[in-house]
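For reference, chains read A, B, C and D in written order, and residue numbers begin at 1 within each chain.
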Amino acid sequence: MSLTEGFEPKIIAFCCNWCTYTGADLAGLNRMKYPENVHVARVPCSGRVNPQFILRAFQKGCDGVMVCGCHPGDCHYSTGNYFTRRRFMLMKRMLEYNGIDPGRFHARWISGSEAAKFRDTVAEVSERLRKLGPNTKYREALREGADAGKGGAGI
Amino acid sequence: MELKKDRLLEALALLREGSDVALPLPADDGGEPAFRLWDGVQEPFLGSNTSLPPKELLFPRSEGMYGYNLKTGELSDILPEARTAVFGIRPCDVKSIENLDHAFLEKGYVDSYYRARRDGLTTIALGCSEAARTCFCDSMGVAPGDAPGADLMMNDLGDAYSVKANTEKGEAVAKLWEGLLSKGGAKAPAAPACGFSVKADDSLPDRLTARFDDPMWDSLSKACIGCGCCSFICPTCYCFDIGRENRGACGTAFRCWDSCMFSDYSRMAGGHNPRPSKKERLRNRYLHKLAYFSQRYGATLCVGCGRCIDKCPANLDITRVMDMMEGVDANG
Amino acid sequence: MARPGGAAAAAKRPVAEAGPGAAREGNPLLPAMCRVIKITDETPDVKTFRIQTADGAKPFDPMPGQLAMLSAMGVGEAMFSVTAKGEDWIESSIKRVGLLTEALHGLSEGDMIGVRGPYGNHFPVDAIKGRDLLFVGGGIGLAPVRSLIRYALERREDYGSLDVLYGSRSYDDLVFKSDIFENWPAVCNTHITIDNAEERWDGHVGFVPSYLEEKAFSPENRVVVLCGPPIMIKFCLESLMRMGFSKENVITTLEMRMKCGVGKCGRCNIGSKYVCLDGPVFTMSELDGLPDEK
Amino acid sequence: MSDRQEKMRQSAEKLLRDGEVGYVIGWGATRFCDRTTPVFIDSPEGAASLVWNEHAVNSLAKYLLDDKYPDKKIGLFARGCESRAVNRMIKDNQVKRESLYLIGVPCDGKSSDRCRLCRERNPLVYDVLLWEPEANAAPADRFERVRGVEAMSPDERYRYWGGVYDRCIRCYACRNACPVCSCRECYVDMGRTGFQGKQHSRSDNQIFGVTRAFHVGDRCIECGECERACPMGLPIMGQTQKMLKEINELSGEYECGLDADSDSFLGRFDLDDKDEFM
């Protein structure tokens, strides 16, 4: 319990420019409240998200990763998110197979008008991660004294 | 002096009181044997040499060099503090450490990280009583039964090891072991003959470099798949890369093993690569081992341990180039 | 904030002597943080950085042709020639070609960079005393040569005639414009050319090698210092051979990828020579004795 | 055995003498009688150095990528595994069928653990078949190892793979031996992109391992070259086999390289793919 108490997860959400990013924008315009621990990274299409991004995010300190794009059929580039769907169905299974908790990776379709869905998804993922606690898997080790400002990621 | 074999672990335990002790140990799950830090209990793996060389003790796969803060510009170097005694190191690998010393400590610049680890290292060598079929150390100027460069030399006498100190560090170990050692007059049996031999005389470096443009490099390199296996399991390959990892305002510069067989090793920022294909890269590696290093430091960088011959995925064999120089081809 | 073993300690090092036993103090791989005190835009993709230690001193005292390892913290480190030095600064001119140089070009005056050096050998300033000097440069290749031109101009009486023949793709791509058009013409002979005609350009048009032959410099008592892109070097060398120069009297500088700068990391070798220690300055006849792998 | 070796030599010699091919890729002897090395024979006389025995283990197909635009055809001795690799390479636009002369050599079994998953000893594509097809041996249970890892708890799985990658020396032999690993420049060699940390640390090693598996897993012909090449003997097919197992479960029976027309799983999509990301 003590591990997760007061813990605020770091989440990175890769959001497609045409749907989810607009949805997140709309959520902001409508002054919807959602957890501030999500960092939105705008990508041209969810199909642009390389599985490598997910691994590097975990390595660099994220507790959870989201990939969000247009609903199938709505891709700005016609077919990008169909490739996303296949890719991350496999990636999700590979992550679990390598010992990552399924709660740490989420893919979702969120359109430009679904501001509430964006808010709810982020809240749900955030809550789930809060229960899971900090991610330690795939994390690069920090060198001693790194927090004291002497430098030191990743040794 | 002699150390009875049944007192070996006791002797190692004594060493472990004052420093880390590294031994050839099998991997927990039956993987490749390597020099690993001893937990005080495990039996050393002494049947044959390790698949991985001991160079990691002096030149780790990755090591931090200095930390920095991007906001304040503050720098702090990370010099290692290591005191390690390594037991069971073979004469070829002792020779490889002498070569690393040349590279890291000579020609005007002393590598501080290597220096720190080297000063803290005591080498306790074990002469070979059996040769693997890939061994060719005696062709490369190494005596399989004797390592004059080791701090302490031990040889298998059957039920005991002979113990001979070569240096002050070695004498300190012998003194530490005083209570365990007994007088013994047994002579170590003659060292075994190597698995095979090649001709690598003093003229080899110049003869090889004279054939820099020879078509033999095409035929030697065709089967190479361009991986870095040979470099990483070689006891003397010491090339490294320097990189950085940042998180927030903090970062660390590190160095890690690199291989001249990789395409980005010598590629410049504009894209030009002086060694663009595996032919040039393999030639550079072989010549570095057998010619360039001798021309620069007066010592051959290949010690004949045979690891690369054993492990190459394409079954390439560095000694083929020496055979080709003699007009023979061992490959049929 | 100079640190032991960094550039400050390096300043005390014997210059260009890398023989065994000449061990230097401190950690040679640790940079010192220095300040960029002036940035000059030379061309659209070349900037000159004037660098000083945090307490206002010269980071080290390089000989002409020597190298400095410069780093943008958190990005990377690379070797550059030191193109000039003053009382309390050194200068490097850097072309934007990759990740690190991009980061360096993004710096502002006052920003800190890592510096270590000086590295490598230098132009044989003593051996060429009393000789006529012909400096031939192409593009950014004038950067290493400039250190020797400045050195010779400061010791004008030690050398014979001084000629600078320099060319670039276009007027915009000419580096050190104030030197080549204002400072140097007053004290030595300058011959500037660009590859293609431009409206605002009334000088010579044509490639460096042909301009070189056109000028018909005599090989008598003359040493050529040649630096530029490989293709220019190749054709200039052919021209110089036709003009009767011998390879011993043609000096050039080499570039290779480097990581450590002190002859350890392995990658800048040409045969048994390391460009970072034994170079970057070689005569053409020395290069003939090395494998063709540049 | 020696009869077959003789047939191979004769075939290579004739192809070279007739100028049908520029060179032939086969197996040759080494210093050790139980090891062969790939050889590149470019003269009829050289054909006499070809070797065929149970130690002719290395897959030869990868070498085709060193010479994608040959002046003359390349002669390649092809067993089942080479032919599957060639099929995959043709589909991936890496080589052209018309620049190859495939000399079919049904495999009589090799002394290598890499063959334990072999289901196809006979070449599936060839220009000439030097002897009668061999009966296929029953392969080991295809996904047995994957199921073993799946049965562990998440933390055990992480420890298991962490232990594997702790021993990885990042020599990239797995990458370089893999016949479907065909990028002109590997992401690993593009340090400037920041995709892959270069440190030999557990996390960087793991990330390399998973990424490698992901890059080739849906095109994997299960030849086992990656594991055979690994100098540390790491069970890395456990990753690529997992990809294949999941693809089998998601889209039905799936094997690569059986023909030169099938798309790879990640190279295409179906409108009615399963959707679990609603």
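In this text, a contact is a pair of C-beta atoms (placed from the backbone, for glycine too) under 8 Å apart; a residue touches a chain by one contact, two chains touch by 3 or more.
All of these numbers come straight from a predicted model, not from anything done at the bench.
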Chain nearest the overall Cα centroid: B
Pair joined by more contacting C-beta pairs (A-B or B-C): B-C
Euclidean distance of C-alpha centroids - chain A vs chain C, Å: 48
Separation of mean Cα positions, chain B and chain A [Å, integer]: 44
Euclidean distance of C-alpha centroids - chain B vs chain C, Å: 38
Touching two or more other chains - residue numbers and ranges from chain D: 197, 199, 201
Two or more partner chains touched - positions in chain B: 62, 66, 68, 74-75, 241, 243, 245-246, 251, 254
Multi-chain contact residues (two or more partners), chain A: 140, 154-155
Chain D to chain A touching residues, read off their complex: 146, 149-150, 154-162, 187, 194-197, 199, 201-204, 206-207, 210-211, 213-214, 217-218, 239, 242-243, 246-247, 250, 265-266, 269-271, 273-278
Of chain A, residues touching chain B in the complex: 60-61, 140, 142-143, 145-146, 149-155
Of all residues in chain B, those that touch chain D in their complex: 27-29, 31-32, 51-52, 61-62, 133, 196, 219, 222-223, 225-229, 231-233, 241, 243, 245, 254, 256-257, 259, 262-264, 278, 309, 311, 313-317, 319, 330-332
Chain D residues within the chain B interface of the complex: 28-32, 35-40, 49, 51, 58, 62-63, 66, 163, 167, 169-173, 175-177, 185-186, 189-191, 197-201, 228-229, 231-234
Complex contact set, residues of chain B against chain C: 65-66, 68, 70, 73-75, 77, 79, 103-104, 106-113, 209, 212-213, 238-244, 246, 251, 255, 258, 260, 265-270, 274-275, 280, 284, 287-288, 291-293, 295-296
